[in-house]
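As structure tokens, here come the structures.
Next come two complexes built around subunit A: one with subunit B, the other with subunit C.
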Partner chain A sequence: MIWHRSFTRNLIQVEIPVLLVLAFALAPFLWMLLTSIKPNADLSQFPLRYLPSSTTFEHYRTLIQRTSFPINLLNSLLIASGAVLLGLATSVPAAYSFSRFRFRGRRTLMTSFLVINMFPIVLLIIPLFVLMRALGLIDTFIGVIIGHSTFSIPFSIWMLVSYFNAIPRDLDEAAMIDGASRLQTIRLVVLPLVMPGIVTTAIYVFITSWNEYLFAMMLSGETVRPVTVALQLFIGEFTVQWGILTAGGTIIALPVTILFLFVQKRLVGGLTAGAVKS
Partner chain B sequence: MNKATASGAIFRAATPYGFLLPALLVTALVILFPVLQTAWFSLHDYTLYDPENARFIGLKNFAAALADEVFWIALLNSAIWVTGIVSLQLLLGLGAALLLNQSFWWRGLARALVIIPWALPSVIIGLMWTWIYDFNLGVLNDILLRIGLISAPHAWLAQPSTALACIMLALVWQGFPFFTVTILAGLQTVPAELYEAAEIDGASSWRQFVHVTLPSIAGIVATAVLLRIIWVANSLDVILVMTGGGPGYATHTLPLYAFLRAYTGMEFGYAASLSLMLTAILLGIVWLYVRRQAGELER
Partner chain C sequence: MASVQIADVRKAYGSTQVIHGVDIDIDDGEFVILVGPSGCGKSTLLRMIAGLENISGGEIRIGPKVVNDVPPKERDIAMVFQNYALYPHMTVADNMAFSMKLRKAPKAEIEERVTRAAQILGLANLLERYPRQLSGGQRQRVAMGRAIVRDPQVFLFDEPLSNLDAKLRVQMRTEIKELHQRLKTTTVYVTHDQIEAMTMADKIVVMHDGIVEQMGAPLDLYDNPNNLFVAGFIGSPAMNMLKGKITAAGFEAVNPKGGASLVWPIGKAPAGSEGREAVYGVRPEHVRLDPNGIKAEVVVIEPTGSETQVVVRCGGQELTCVFRERITAQPGESIGISPDTSVTHLFDAASGKRL
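Take a look at the complex of A and B:
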């Protein structure tokens, strides 16, 4: 089968087109990376100098030493971890329930969790801002984390239900016949088996929360400002300093890209289930 | 004894809801309550700086929107935005998926790398593309000047004629991997025998594509298109980062207009009515999508 096509035909019909697609997909990212290591002298030339005359990390140094960026990174880390914790703490039991019980309202509730994932953000963000202000939660970690649970909970539930469903119910039943209580069964049988699914879900929630901009912008102030909001403010502040901006962009994007590559294969099932958002 | 079994039965019947309780409570706080409040806002002339004097005005916000020129501009822009982005993402995503379904030795690497744009934060996407489109030092102007397609630098994001299309290109770039990954998953479920049979019958590769591949992936493509329509129609953060809706109203879409009326105008009542109208427009598509997913619930 494979040798139906000759080497050159494969090269022209498949490999070169794939290279073009990849070039389109990666070029903006690589351009950002390249800009971030160019000295300022290179960055102000027109026509452009594509490859740096020398590589430099001065933009990264400026960003870390002279701006609030390190604190913003820490804030993002705390917010995303909090979003993962709140998301999992609420959705692991919920997904277990949807997967293992048949009860009145199950269908309606599951559909609701699917539909709320598709609500326009603007529909939620305005009243959420008013609510958080009334509760005194503007510019607090808990405020932004609760804001992020609008997407982390519905997403996690749908992802996790499919992971729970993949574990045969016979296993639970066997354990319960052997005298294990429901909670023991969950702890000793179900949870260990569903753990890879939980980890995938956790990583995806982390990435989404780390990447999120609108809720963070509305609900955070100076104290808990995450990197996405900080970078957007830098764009206003350092209009011409593309070196610093692209260095910031690279620092934000690199860790999530690597994390994403780890989990992408296992996310595919959640794609058309509407769980995985972009 | 009887009493114990009765309370045991109640306990067993309540167990599923007990497990759901934490998720339901948080969801009620962050989704249900806000949505109801949006509905309430939309019927009042609620402004953030003067909430005490919010008056009930019935459907006047909605009537005002229908008479609002910017609402219609934003609606038209949204239509262009959704149609253009989703169709181009689908075409590019389908093409890439068909290519990545062929066998070549670095296929695994190519499949992993093509997804990268989709993992990036909207702020970074906005930043990257603003830099590419930059008037003075942007790489797009540089390339087009070098190959002679333009004779002077063009202000891509500052010209009303090109601004929307430029942001749309950034979104196409960001979202086409979604189609690639979904369609690729669909392609892998097509039985190889179908292709072999078609080949024996002497079908050309085009005919194989039309009669074997397309029917096999039609379902998954339809689901993916519905999902993308919903998300692209709702997305506003990349526009907000790149142009903030300008120049003029050139890049105002409906969700962005609603957001700006709330965020800069503080007119929460009017913004709420705008976002409810957006939701109503999308409801039909959500309904179609949920119906397609209904099978998933029965398992």
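Take a look at the complex of A and C:
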């Protein structure tokens, strides 16, 4: 359908509302960024000072040189990478089977993966904590990674099944007739074609794990504390170290923003894959 | 190259049986076409030969070897799919070389075979392209090229031409037939298009509801259909069929409008068939213009140039006729027709079997 709108109507009905929503969503980030480069004097000033009087990177310097933040960053990186590796190692074969084989309990399993996502995480965390304590996995990388896998694996499987389904079965069959074994078919034909989907899923899992707070807080302690939990420690009982807090926030948001720019287009494509005949 | 023997093959999904004991012998080098309406089991049978479907009962042999439990990759077959199933991430050359690379054939041999197949199919200057950059006909040729390079015992084609436009289909039909004459590889070809079957096959197998209705040379099926199904399926336009009774005078057709019934001449009725309920079949091309024949009213005239297709009404029934002559009569006017009694058919009304 072709829709001719006048410029003013367009402005009032579309552009201004979108700008308002955008401003509402972006304002906290902008405020965080501005705060992180303000000198300490500006922070305590009253009435509020919006723009910094001069820019400074002292908070970033303090954060990196005087706190454990770099180690926390590394922890977060290890946990998120671990969640991606464990997630893909299990969900790629699982998604292939869901897509290609018809076995008893297939539907039930698929649905139960969806149902897991319907429970509030708070409900899950208590039994998981008890379980992890019994297994001695509290404050270990593997513990937090498994915690994150509880939501990343079901999600990855659903994502990947739709990517696998978009690849015609005829291709598998053609490869098998050409003389390929099942594993060769997967490796030489199916995986190369589903690779964009795998990359998208991997990035998505990475971002979710990187941003996750609740599991990380419950399952980690001193040794594997990730950035999201570490950041919270800058909020003391009597004082909040706003400069360091916002500097940390900015650093955390950076990789996520960059990664998300890569996948956003594909993510939408993946969710609607196969909806229309191409 | 090898023969293929299909002996009492059955296929069931749970309790629903879709193929009920099929026997087909395919000689070495023969071009056999499985034809039938959709849902008749022809594609399932082909996929069973390929090893893509399990065999629920019976036996399939390729050459001397029973292949029931042999996986597709060890059956030494090549298959051309309806949607071509080309690997989208490989070039034309890589698509064609895939099977040989899996077999770890020497590079020089792969290149030689791919080049030769490309020459046969006119793909030589497309080897570096990707499937998405090709037209439908070119993709079809690549799919065939992939099969040729494999140099298999048996070629399997699953409705390979149904995604092509009419003109290209006729052209590819000729190409596939030429290819078979050149390579002489045993071929099993599935189609729902009886014209494809008639023009290409050495032997046609007509399937319907999971059984073989009739099997034989194309013209044999055309001249001597075993039953009503085959009679109606083979030939275009389809055979005219009239219900009625065999009498001493000929065939007395039922007039569905309730008027006087017409008596059609028959060559010689089979002994003892007088008084039997039957179906009278005459092909449109076997009806002649005859001023002294049966009076019929012209309903529709469709001239194609070389011949004229006319729908007429007589005895309360409509018949399709194809005349070599040009017709001057107008719709509503009356013409005289008579069937060529040497090629009329009679079928039992109850069983549909040929009398």
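Here is the rule we go by: the second predicted complex is superposed on the first by the 248 of 278 C-alpha atoms of A that agree within 3 Å, B and C clash if a C-alpha of one lies under 4 Å from a C-alpha of the other, contacts with A are read in each partner's own complex, and residues count from 1 in each chain.
Methods note: a residue touches a chain if its C-beta (ideal position, glycine included) is under 8 Å from a C-beta of that chain, and two chains touch if they have at least 3 such contacts.
Predicted model only: the values in this text are computed from it and were never measured.
Enquirer: Based on the superposition on subunit A, does the combination of subunit B and subunit C result in a clash or a fit?
Expert: fit
Enquirer: Please indicate which partner A:Asp170 is in contact with in the superposed arrangement: first for subunit B, second for subunit C, both, or neither.
Expert: Only subunit C is touched by A:Asp170; subunit B is not.
Enquirer: Going by the contact rule set out at the top, does A:Leu124 touch subunit B (first), subunit C (second), both, or neither?
Expert: The answer is first: A:Leu124 touches subunit B but not subunit C.
Enquirer: Once the shared chain is lined up, is A:Ile142 touching subunit B (first), subunit C (second), both, or neither of them?
Expert: neither
Enquirer: Using the superposed model, determine the angle subunit B, subunit A, subunit C defined by their C-alpha centres, to the nearest 10 degrees.
Expert: 90
Enquirer: I'd like to know which partner A:Ile64 touches here: subunit B for first, subunit C for second, both or neither.
Expert: neither
Enquirer: Of subunit B and subunit C, which one contacts the greater number of residues in subunit A?
Expert: In the superposed model, B touches more residues of subunit A.
Enquirer: Regarding the shared-chain residue A:Leu33, is it in contact with subunit B (first), subunit C (second), both, or neither?
Expert: Neither partner.
Enquirer: Please give the least Cα distance, whole angstrom, that subunit B and subunit C reach in the superposed model.
Expert: 5
Enquirer: Where on subunit C does subunit A make contact in their complex?
Expert: 50-52, 71-73, 75, 77-79, 81, 83, 85-89, 98-99, 102-103, 146, 150
Enquirer: Any idea which subunit A residues touch subunit B in the complex?
Expert: Subunit A residues touching subunit B: 2, 10, 13-15, 17-18, 21-22, 24-26, 28-29, 31-32, 35, 43-44, 46-48, 86, 89-91, 93-94, 96-98, 101, 103, 106-107, 109-111, 113-116, 118-128, 130-131, 146-147, 149-150, 153-154, 157, 165, 182, 207, 210-214, 218, 228-229, 231-232, 235, 242, 245-246, 249, 252-253, 256-257, 260-261, 264, 268, 271-274, 277-278.
Enquirer: Would you pull the subunit B residues touching subunit A in the complex into a rising list?
Expert: 13, 15-17, 19-20, 22-24, 26-27, 29-31, 33-35, 37-38, 41, 48, 51, 92, 95-96, 99-100, 102-104, 110, 112-132, 134, 136-137, 139, 142, 145-146, 173-178, 181-182, 185, 220, 223-224, 227, 230-231, 233-234, 236-237, 240-241, 255, 258-259, 262-263, 268, 271-272, 274-276, 278-279, 282, 286, 289-290, 293-294, 296-297, 299
Enquirer: Give every residue of subunit A touching subunit C within the complex, in rising order.
Expert: 168, 170-171, 173-181, 184, 188-189, 192-193
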